[in-house]
């Protein structure tokens, strides 16, 4: 039980994918202009990340390992992920056009959100089991969404602040992300690994 | 290898089916975009009216900064809706001007009805050979009637400030 | 304070509010004086809330005192009466009592000094009148709320079967600094006010009435109390409210006195209350019992910039400068001329402005009393939250301000922009000297403008679409016509050889 | 006649930002003296360095941006930031540590966002965290109280500016770990050490001066509360959270976990609760939100102190909660009069 | 419906075809470079191992003279592959891969070379996530600190002294980062304990399976 | 538009005006994660450029024969194949570098810049243009990486070109420049916060340079800018 809690704490806070591990940064910067869309992106990512974490675990365990094709891991994972994403995209497009438009090019980019492949690869590296893989993906996504939504809310405030001209927009957003990452260093040492 | 190709093929089948099953008809987004456009119907955005422009935006064929009457505020609203960065108005489509209304100098009007045909929102009243007038409250200030008038009797005049349209001014900010 | 039968409120049970220095002694000890007839009476043909008044008299016409000279239409229509006899002049663009300081079309009466009245209705016994009669008479007398907003009183007291009213609240709080007109009115005319209340109670068909008076007006409390004892109208209660600004705000007062919270989208009537200002009650008394229409009201002319501050019965339409001169004129350099109170009044660039029914005070302020705009340099908001603590409506003014200065006016609404009563408490306490209220007002203006524009855009769109379909139909019809013509032509050519007779049938 | 136009209310304002900042500085004054008493006059040098850096840096940025320099400096907020940094940094840290930290705080954390009122993160704490992360060695140079008796002012100056020690002294000899440091390195982070009994009690805390210092912050803070300058919800939140959680763990296992009183009096708890977390600009703004903000800081402080990599957690807890402020603000809007929620 | 199925079948074919081409290509590269990769990895291993003992002190094929061991204390889960060094078939030393757990950030992987006599001859860090610039002083490329273990043994240094100085032992810590050295000292000590306990068995020729 | 202006646009776009790292903010993860030293940056930059070129050209070649519903999986498949091949080859020929760049080689697959270019450029243009675009987008990305890497290395460790031997062989070991002796290093610069803040500062620098350019262009607008070839 404790092991599972540790996985969650580790992925959400200590080794936050965005701020500490540097994964999933592009959507982090790109879909954080409004908290509402950030929330949508967070949901979509959580769904995709958990699902593809599990799928890639299964593919690795039942296909690649038995066939001794580990070197094809990247290629297979990425296709499985692309599939999960495109499937999600189709469904979202049908059911929520606004969310679809808001996520814009970022829904396809979830596929290329390196967090997704990162989760899959890190799972294999850590030799995580099924439940661990699922939790790892889920925790990473929750950490991602949490940081994304707060970041979006912060950016909304920056938007109205008197920021020097060259810093307006992405530059100050990155500085903010840096300060957030600095704050997250406070979690360092909580859990190993 | 065969196994993997088989896996991919199965995924392909599912995707193909999903694409068919979840096909989206129409773009509800157009309605939302159009609601943000000023409906001046002036065509400055290079489209014949606000709706065509909205459609073009939804399909990604036009940028969001092409509507001068909407101005910076309009661009920002569009950017918010679409989750994009706001940007300055594209000046090649015109610049944001103070809103005006058309006034027909009645003495000069010859009643040619050309302006009636030009007005996209039916804001001009009149009949052939009779003096025409602009219904000020319905005029969007699009300028389109000025050009066709053969005797140049339509002038665009600024809206007069009065207690009825007066707005509380924002305090003068001393930081900029 | 220990007055018999008076319930003293210990705490201010609302959040926020301010203890302000009253400055009421400037004018409070003098009794209300009558004023001379001014040379000119100025009536704007538009009121503060944008209702347009239509003139009912023509230029050159002679009008008598009390004659209807203008009126607005609609359910909330009101009437305007001449305050003295004289000749109607051509309408002129004059500065009006409006925060914009802009000019607007005004109806002007050149008085003739005769003060000749039109025939007055015989005074009737109000106990014989039905509720509908009272409403009608109140309407005919041109009575609107004299507490500040100028809402037609007849509308407020018209029986409405959807909402049941159980309490009439009389607003005698007068929480704004400097103003003492209601105070004086209650001191000098307590029994008239009680009679006015009886009329209103009758119109509303209820028994229950509470008069709210601020604790720092002991004479008024005593006077009303005495009058109640004498008249035996024991169902009228006096409740003393603490001297907290803005205790006189309608919703705040209702909550103070009854514990009922008026819903933000609704009206006092939704919680069973009608709230009237003391001055309005006086006007109702004069209209129903005395048969007089509303042509004058009590105005406090005060401030350190005036030689003799006092209250006066002023005819509606009297230019401010006339009132000022009857108070001994200006006293030294004047920083600002304010119509209304220190907290909610608006400044006027000129004193040639006619007073309106809603004018309760003319505050002639020196630089000792008010800020010079340059003096209070604005600094960025430090989010200290003082403004939120002071806000009686429990808003977060700093958040609304933040979004409004960034142009996110729609977002302001989600923070309750339209629940703001513009009381100014937040503004006063802000250490960064941010003119919060002005920001909020500007933001409200912007939202209104946006609404107006959106509406116009929708209509424009509809007309555009209608025109489009019409054009399309025309085009189709045209094409049809051309095709038919062509067809006919071809046929004609074909058939012309064989049988020319049939062609005639076709056409 | 012509009169000025202005929007209501016309009444004169009462307070001003510089007055508020001045009062905060005033409330810090006794603690500064106490700090110097216990840990040497290095603290004066720190504060001096920090304030001059802050003023120069702020003036520089304002000048570059073409803003009114004097008017902005007059608000004294940079001074508060600088003084807090000066207090937080160990008394014997080299001069460039103070200068770098203050520069980071003022330029990156405050002015890049537009200066007073616009920054999202507490500048002083961001500066402190920056130093703690960047120069962990220099940031632990707290002088030992007893070693100071033999020190001359010139020795301290020499140490701070050229990192030269008086003869026959080593840096390890004159510095000591702070009580929280000791707890951390001896117990929490060393699963293999033989230490099973807590090395420190409240007595040590007072003997080394930390306890008295905390009390002085507490008193100064209470004065600010009484003056209506800081929102009481924040200190209450922090202190109650810290007390509650530490009491829970303490009564569960008094061998490994230190007592609530220790947590309340050690390290930056008091100065943090009353002077740092209360920075109005970067804290939550609604009353309820302020309590949540404070409470969460308390929780995070405890967790980071006990399980994190850093001995004291105030800076990180505050910065972490700064991230959450807009979200807290969103969810803790007070109920507007006349609405139901 | 039918149309949908046909289309999906078509897409499956396209995707499958692409997959075959792409995977074929990768496989071709894989087989073409396989030998070199294995060689590289082997060379890297040899290089790593050879740095741990003086050249010439052994003459066996160190990469292949291994024994697998299950020792949960040293590595989590997997069997360790322990390398043996021999000269003239006589045991000289072993290299034991170890994991240090108490590090600042994650596991620190080590190789510990111990001579037949129980003397540590060298320690190397093979992978870690400690803070660059702080915890990474344990890398041989950055500082010589890791050489403090050279020549240490339980004979020369009683077990209770295997601690960093701050904890009352003899090993230096690097200022500003005590946690990393502490973890490594613990891990090396643990390894020596393990070696002392299994000294004989470690050099047995046949592989021992637990 | 002449051929040359088109190509020039592609080039300036890749290097400056539409720089994937500075402007489009794509490919951030490897950018920030690997840029703690100059050499690491250079290595990843070159690997990324190689991948970008190969994948862009391939996508451009096959762009007409793939159905849009499955274009993403196919692009991804192409990129993944290219990366895996490059990874294997690096393992075979630059083993040391491979060890340094570690997990980020497979992650090049998901470098958003690569799929971003495939989707928004290569799938709409001819192979030569796609090649050029890929090349210069890659070089622009490398430029960003190298800049960030240098800044972080200088601030964080006080050196430049440390570990050059990993990439350029033993002879490069002497390239290392120690800028400050005895510098204890500003750790923040090489830790995650330093990466974010560093990139933020670089972007601001680029913005203010753009402002300057604009100013100058306005001042000198009398002279024609395009002078032949």
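Letters A, B, C, D, E and F mark the chains as written, and numbering starts fresh at 1 in each.
The rule is simple: contacts are C-beta pairs under 8 Å (C-beta built on N, C-alpha and C of every residue); 3 or more make two chains touch, one makes a residue touch a chain.
All values derive from a computational prediction rather than experimental measurement.
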| item | value |
| --- | --- |
| Intersection of the contact lists for chain C and chain E | A, B, D |
| Identity of the chain that, by mean CA position, is farthest from chain E | C |
| Selected pair, greater C-beta contact count between E-F and A-F | A-F |
| Chain A and chain B, separation of their C-alpha mean positions in angstrom | 38 |
| Chain B and chain E: spacing of chain centres that average the CA atoms, whole Å | 67 |
| Centroid spacing, where centroids are CA-atom means, of chain B and chain D in whole angstrom | 53 |
| Touching two or more other chains - residue numbers and ranges from chain B | 1, 4, 8, 11-12, 14-16, 19, 21, 168, 171, 174-175 |
| Where chain E touches two or more other chains, by residue | 10-11, 14-15, 19, 22-23, 26-27, 30, 104, 134 |
| Shared-contact residues (touching 2 or more other chains) in chain F | 69-70, 73, 77, 80-81, 84, 88, 185, 187-188, 191, 193, 197 |
| Complex interface listing, chain D residues touching chain F | 100, 108, 130, 133-137 |
| Footprint of chain F on chain E - complex, ascending | 10-11, 14-15, 18-19, 22-23, 25-26, 29-30, 33, 36-37, 40-41, 43-44, 131-134 |
| Complex contact set, residues of chain C against chain D | 14-15, 20, 99, 101, 177, 251, 255, 261-264, 266, 321, 330, 334-338, 340, 342-351, 363, 365, 369-373, 376-377, 379-386, 388-389, 392-396, 398-399, 415-416, 419, 422, 424, 427-433, 435, 437-438, 441 |
| Of all residues in chain F, those that touch chain D in their complex | 184-189, 191, 193, 197 |
| Of chain A, residues touching chain C in the complex | 157, 159-160, 162 |
